[in-house]
Amino acid sequence: MSKMNLTRRGVIKTGAVAGAGLALPTYLSAAAHSGYTNAPTGDTVTLGFNVPQSGPYADEGADELRAFELAVEHLNGEGDGGMLSTFSSKALDGTGILGKKVTFVTGDTQTKSDAARASAKSMIEKDGAIMISGGSSSGVAVAVQGLCQEAGVVFMAGLTHSNDTTGKDKKANGFRHFFNAYMSAAALAPVLKNLYGADRAAYHLTADYTWGWTQQESIQAATEALGWRTVNNVLTPLAATDFSSYITPVLNSGADVLVLNHYGGNMVNSLTNAVQFGLRDKQVNGKNFEIVVPLYSELMAKGAGANIKGIVGSQNWDWKLENQMGAKYTGTNAFVQSFGNKYGFPPSQAAQTCYAQTLLYADAAARAGTFNPCAIGEALAGFEFDGLGNGPTLYRADDHQCFKDVLVVKGAENPEDEFHLVEIVEVTPTEQVTYDPNHPMFAGGALGACNPGA
Amino acid sequence: MDAIILQILNGLDKGSAYALIALGLTLIFGTLGVVNFAHGALFMIGSFCAVTVQRILSVSFKTVDPSKTDFLGNPSTYDTPYVVHWFGPEFGAGIIDWSVPLAILFAIPIMIAIGFIMERGLIKHFYKRPHADQILVTFGLAIVLQEVIKYYYGANPIQTGAPEVFRGSFDFGVLLGFDPNVIIYPYWRLVYFAFAAVIISAVFAFLQFTTFGMVVRAGMADRETVGLLGINIDKRFTIMFGLAAAVAGLAGVMYAPINAPNYHMGMDFLVLSFVVVVVGGMGSLPGAVLAGFLLGILESFASMTQVIDLIPGINQIIIYVVAIIVLLTRPRGLMGRKGVMEE
Amino acid sequence: MGILEVKDVNKRFGGLQALGNVNLSVADNTVHAIIGPNGAGKSTLLNCLVGKLIPDTGSVMFAGQSVLGRKPFEINQMGISRVFQTPEIFGDLTVMENMMIPCLAKRDGSFRMHAIESVLDEKALREKAESMLEEVKMLDKRNMHAASMSRGDKRRLEMAMCLVQEPRLLLLDEPTAGMARADTNNTIDLLKEIKARGNITMCIIEHDMHVVFSLADRITVLAQGTPLVEDTPENIKGHPKVREAYLGESA
Amino acid sequence: MFGLEKKDATLLLIVAVLTMCAPFILNPFPSDSGLAQFNAGYPDLMQRFVIFGIFAIGFNILFGLTGYLSFGHAAFLGVGSYSAVWMFKLLSMNVIPAILLSVIVAGAFALIIGFVSLRRSGIYFSILTLAFAQMSFALAYSVLTPITNGETGLQLSLNDPRILGTSISADGGIPVTQLFGIEMRSTYAMDVGPWLFQFNAGYYLCAILLLLAFYLSIRIFRSPFGLMLRAVKSNQQRMNYTGLNARPYTLAAFVISGMYAGLAGGLLASMDPLAGAERMQWTASGEVVLMTILGGAGTLIGPVLGAGFIKYFENIFSKINDNVLHQWFAFMPDGLEDFMVTIVHPFVGKGWSLTLGLMFMAVVIFLPGGLVEGGQKIGKLFRRKKAAEDTSPAAKTPAE
């Protein structure tokens, strides 16, 4: 196990003011005299990993944390190097970042905007973190992204799927590798047409908060473009645990597709209830009734158990990608090997996005030659790369969103083990999921100027 | 019409869970005068009894299958549960399939034991302490219990299916003269309702027709007098606590196939169960049951599209709206007694 | 015209006629005792006077004003104080704090936001409270927690709390119940002293005939919710009806 | 002093010294030591300590004095936060109007909810307040999103129509909250050898308001009004028969404590201009109940201690990960080191709530009456000898 080294405060002591009783006072926001927040002065640099450790997404957070630890190991030249060997940019050499050893601190978002901001602030103010990453929900991502913008550090978003993160709430200091609701819809629509035809009536159940709404809006637009009808859209409370009273109206609504715009525990429960009420085996209008879960994750598939069989959805990444879809997705196997050897099971998509984000940040710093968030922002904006498992990817300058292929997946009928619950149906190429930065679903915000915090 | 019948069924089903939890909570309120914030945690532990039994029955040995490789490229292995190995694929798998009903047998002693230990080891010392202290200690206990479960079982929900025979749906509409497949209802949810009815009747019968129950009811009405009669009411109250824990636990076991158990389900139900108990009226067992079903049915109706279109967001707040209306029109809830927890 | 006029008061609880056509007139500056066997309706009558119960029919006038429909705190502000059968005091507070509350209520009325001044600065009220405590011989206990005192002390405290408000009418519900003889005598002396000071009317419910006959100017005998007789103590003592209904049984 | 008794003035003085010197007191460990993990002297957490201290002090005025247990106080905190953020969006980045509005709006909100809820007492009152707060939370999260920005929380943006001030600051970002030009986030850092002390403008604003709030609460406790509130808790029957109307007293206490909550909410938003709906959830209401009971309900300083205790666990213990543990136990032989890490691991990091739950139980079992009572007991142990010689009337009261 790697040991944490001197914290930044210790560095200040040994470096700048050794022996002095009282140093010259400085404003912390301009602390290290380098013009940006938390500029590392010693031989280490501190990253802050802010993931849910309590609450319903704790398992997802734990997986993200594993990926972060792995990424730090690889950056410091320990372990087998993982995706560093496949990454198209070769600025990183396993000696940390810009010659400084990488250390990290962790915090608990509790999947609450308030707690997440408190935790991120503590990492910035107390531990001197220069970058914050992680998270498992869009509300938290947007809140922490706003904080990082104000504080003048870089935010590398973890799992966040709402259009708003790089839409109306985008920020110059924030970057998202994960895909979004619009991309899910764009990727799913053609596949849904192939699988279920163009004449379908969809019934939406939507979690009643911003992420749910943006996803529902995206899916409805994309499926209606195919010729589907939308029978109804019902908003369900976040706190709902039993969805029976939302499922029963579907039975006789005339709809033949149920779209569950739910995530996490909500999705597991609503899908379980839908299957209980026999929707998966139902015939309507002479067609098989189908259930679609636009945003999928391995953990949710595990939670839903056998109910997930045959249910279609989309993912950012899957550990089987390179094996099944070819060398275009190089990096996947290297990461899976490295993660699997350390932890004994394959990584989730949340882990992959967090790992990739850490590497991307480190690489940008290395290419920029500084930790200044604005320079890093410039290095990331418009950056094209490959070899991080998703195929060729663009970090678009206009909104700091990554554009890459999107996976359409479905629940395996006969999984050979618990790691094969999800199978890849198709990979939708980047072009099909790319949209204009001024698309109405993303309008209303501005990146603003980058803030180095000085 | 069919929509309304379906929502009534949903309401009865939700109400069953609410009523069972509220029943146990009221027993503890009424007999011991203790505000038990750990009651939701007992329900959660009940659900995890089902998970545990399923896990125990599925304990497996690994066999290497050289023809396949796992995700790291090593030879893959597959699991054979010992039960299947011992009893053959058919009967063995059948046992695993029936793990939830089997878990009832497992849960009863476990829950009663937990109830006894909680009461004797902790709650007993808080009878004379202010309600505030009771809240703090039971809330602390609830956190500890749920964190322990999280530590061993993770935060992700764990599917715990009903036996295969209960997995389909029952065509309820045909009985009422509807077309086939219009009003269908999952077997297991009907089982849950029936189960709740049995448990509730059993608790009432127990309190109504046994000497033990009579003493406890007398104790609920006036503890001091019963104490003066030389009856060891404390020992009986311990048993009542065990009973309340068992009711909550059984509600949890049977609930496991309806919604996959997770570690925070107790907290999710906690606030709701308090609302149910108070709407029913403090210290009234029939009140708790009545309020449970009432709130379940109203909650189901409020989630109908027609209702939401009329009053947006009503499905989010219906429980609280009902609680406020009831408490303002009936000072002590539906069937509450005077002087219980009014100070 | 007495200070308290009860006319044709009826009160039913379900099938039980608790009070039937009660008429009562209490003259100013007298002590009026109400006696009667258990269940005669004495406490019900008292509750009707202080607003805890509202009679079904009839009127209750105090100093020319009706008390019916008023809340207990309003009736107290009119000048009626009540001592309970089991002492009702502020158990969590000290004796002195217990005394300050009626003093403040008397001066400031039923509600006033005195949120910034300190209670300690209320010099005049403190002196008043202390002299009242002195009178009931409890000054040395002023810093004690009220709940930790003996029952007798609690009762004396409650009486002091009522008296410090200088009520026009003091209602006493069995003020000596459960007291030792010595304490009872002290209480009788205290009430006599108060009576002697004048400007106070007392209405007393009591089982202890020693207390009744030492204090009362007039006595009403209540039986089954109806006044049987009303007369002076001397006449009551020999009244055959009373002997039959009450004294005969309790003797 | 300040119209206070000597004992209270001393307490106020101690609190003043502690809050003013908090940047030193909370950072006792040199930052290169393993114990630096336990340092809490950074602006965000110090702000949280005092803000939640204010919240708990206000809650204690209601619960500690009248005994009415509100389970929905977080609603007032949330409403205060939303008001403040709207003030930043629409009027000015100066915190004064924002804080004023949050106190007023929270007070008005408390007046309405209190008026209805106080028609009942005991647990019925608790459930009424809970129901109102949960309704506020559920609606803020969903239907009221245009006002509250739902899940994400209400934030400032680059196109806020700020009447007094600019929408975009000179460097192209969102302007920051300030008090007549003093930025709330500006921090004066002082290096003293291996220590680093941070003096944050926002913290000192909060601390001064805490002192004011604390001072006001002492005055209320000692006032006739406070006495009446204690009378409400002690015996409502006697209160009624003493000519006092309990309802306006409890309502006034409810509104005052709602305004305290609004002040706390406004300050939270002033330090960090974001208002999330979770601030109104029942768990947040429950938290302030726990803070107050944990510290000692009805005591002056207890709620502040309770608030600090819970926030400390939430923010410090949750950040201790396995790496930190290995660093602590690095001096041990490898096997023992791993063993120690395994032992401690479940209680820190993601297990912080387990530790918190255990601490709740430990405090209530071993220190009935909360931390203050515990402190007094320890104090008594030291002063036992002195107390034996003490002959003041108060000391010999428990005679009977």
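Should a chain be cited, it is by its letter among A, B, C and D, assigned in written order, with residues numbered from 1 in that chain.
Note that in this section a residue touches a chain if its C-beta (ideal position, glycine included) is under 8 Å from a C-beta of that chain, and two chains touch if they have at least 3 such contacts.
Keep in mind it's a predicted model, so treat the numbers as computed, not measured.
**Q** Common contacts of subunit A and subunit C?
**A** D
**Q** Counting only C-alpha atoms to place each centre, which chain is farthest from subunit B?
**A** The chain lying farthest from subunit B is C.
**Q** Find the two chains joined by the most C-beta pairs in contact, please.
**A** Most contacting pair of chains: A-D.
**Q** Per the centroid of Cα atoms for each chain, what is the distance between subunit C and subunit D, given in Å?
**A** Chain centroid spacing, subunit C to subunit D, equals 46 Å.
**Q** If you average the CA atoms of subunit B and of subunit C, how many Å lie between those two points?
**A** 52
**Q** On a C-alpha centroid basis, what's the spacing between subunit B and subunit D, in Å?
**A** 34
**Q** Multi-chain contacts in subunit A: which residues touch at least two other chains?
**A** Where subunit A meets two or more other chains at a single residue, that happens at 58, 208, 235, 237, 239.
**Q** Do you know which subunit D residues sit against two or more other chains?
**A** 138, 141-142, 353
**Q** What residues in subunit B touch two or more of the other chains?
**A** Residues 313, 316 of subunit B each touch two or more of the other chains.
**Q** I'd like to see which chains touch which, written out pair by pair.
**A** Result of the pairwise touch check is A-B, A-D, B-D, C-D.
**Q** Quick one: in the complex, what on subunit A touches subunit D?
**A** Against subunit D, subunit A makes touches at 1-4, 6-10, 12-14, 16-17, 19-23, 25-29, 31, 53-54, 58, 61-62, 65, 104-108, 112-115, 117-119, 121-123, 125-126, 137-139, 142-143, 146-147, 149-150, 164, 169, 208-211, 235, 237-239, 445-446, 448-449, 451.
**Q** Okay, in this complex, where on subunit D does subunit B touch?
**A** 63, 67, 69, 116, 119-124, 127-128, 130-132, 134-135, 138-139, 141-143, 282-283, 286, 289-290, 293-294, 297, 346, 351, 353-354, 356-361, 363-365, 368
**Q** Hey, which residues of subunit D end up touching subunit C in the complex?
**A** 3-5, 219-220, 222-228, 230-231, 233-235, 237-245, 248-249, 252, 256, 393-394, 397-398, 400
**Q** If you look only at subunit B, which of its residues touch subunit D in the complex?
**A** Touch list, subunit B to subunit D: 35, 122, 125, 129, 131-133, 135-137, 139-144, 147-148, 151, 267, 271, 274-275, 278-279, 282, 312-313, 316-317, 319-321, 323-324, 327-328, 331-333, 341-343.
**Q** Tell me, which parts of subunit A touch subunit B in their complex?
**A** Subunit A residues touching subunit B: 55-59, 208, 232, 234-237, 239, 241-242, 244-246, 248-249, 251-252, 265, 268-269, 272-273, 276-278, 282, 299, 302-307, 319-320, 336-337, 340-341, 346, 416-417, 419.
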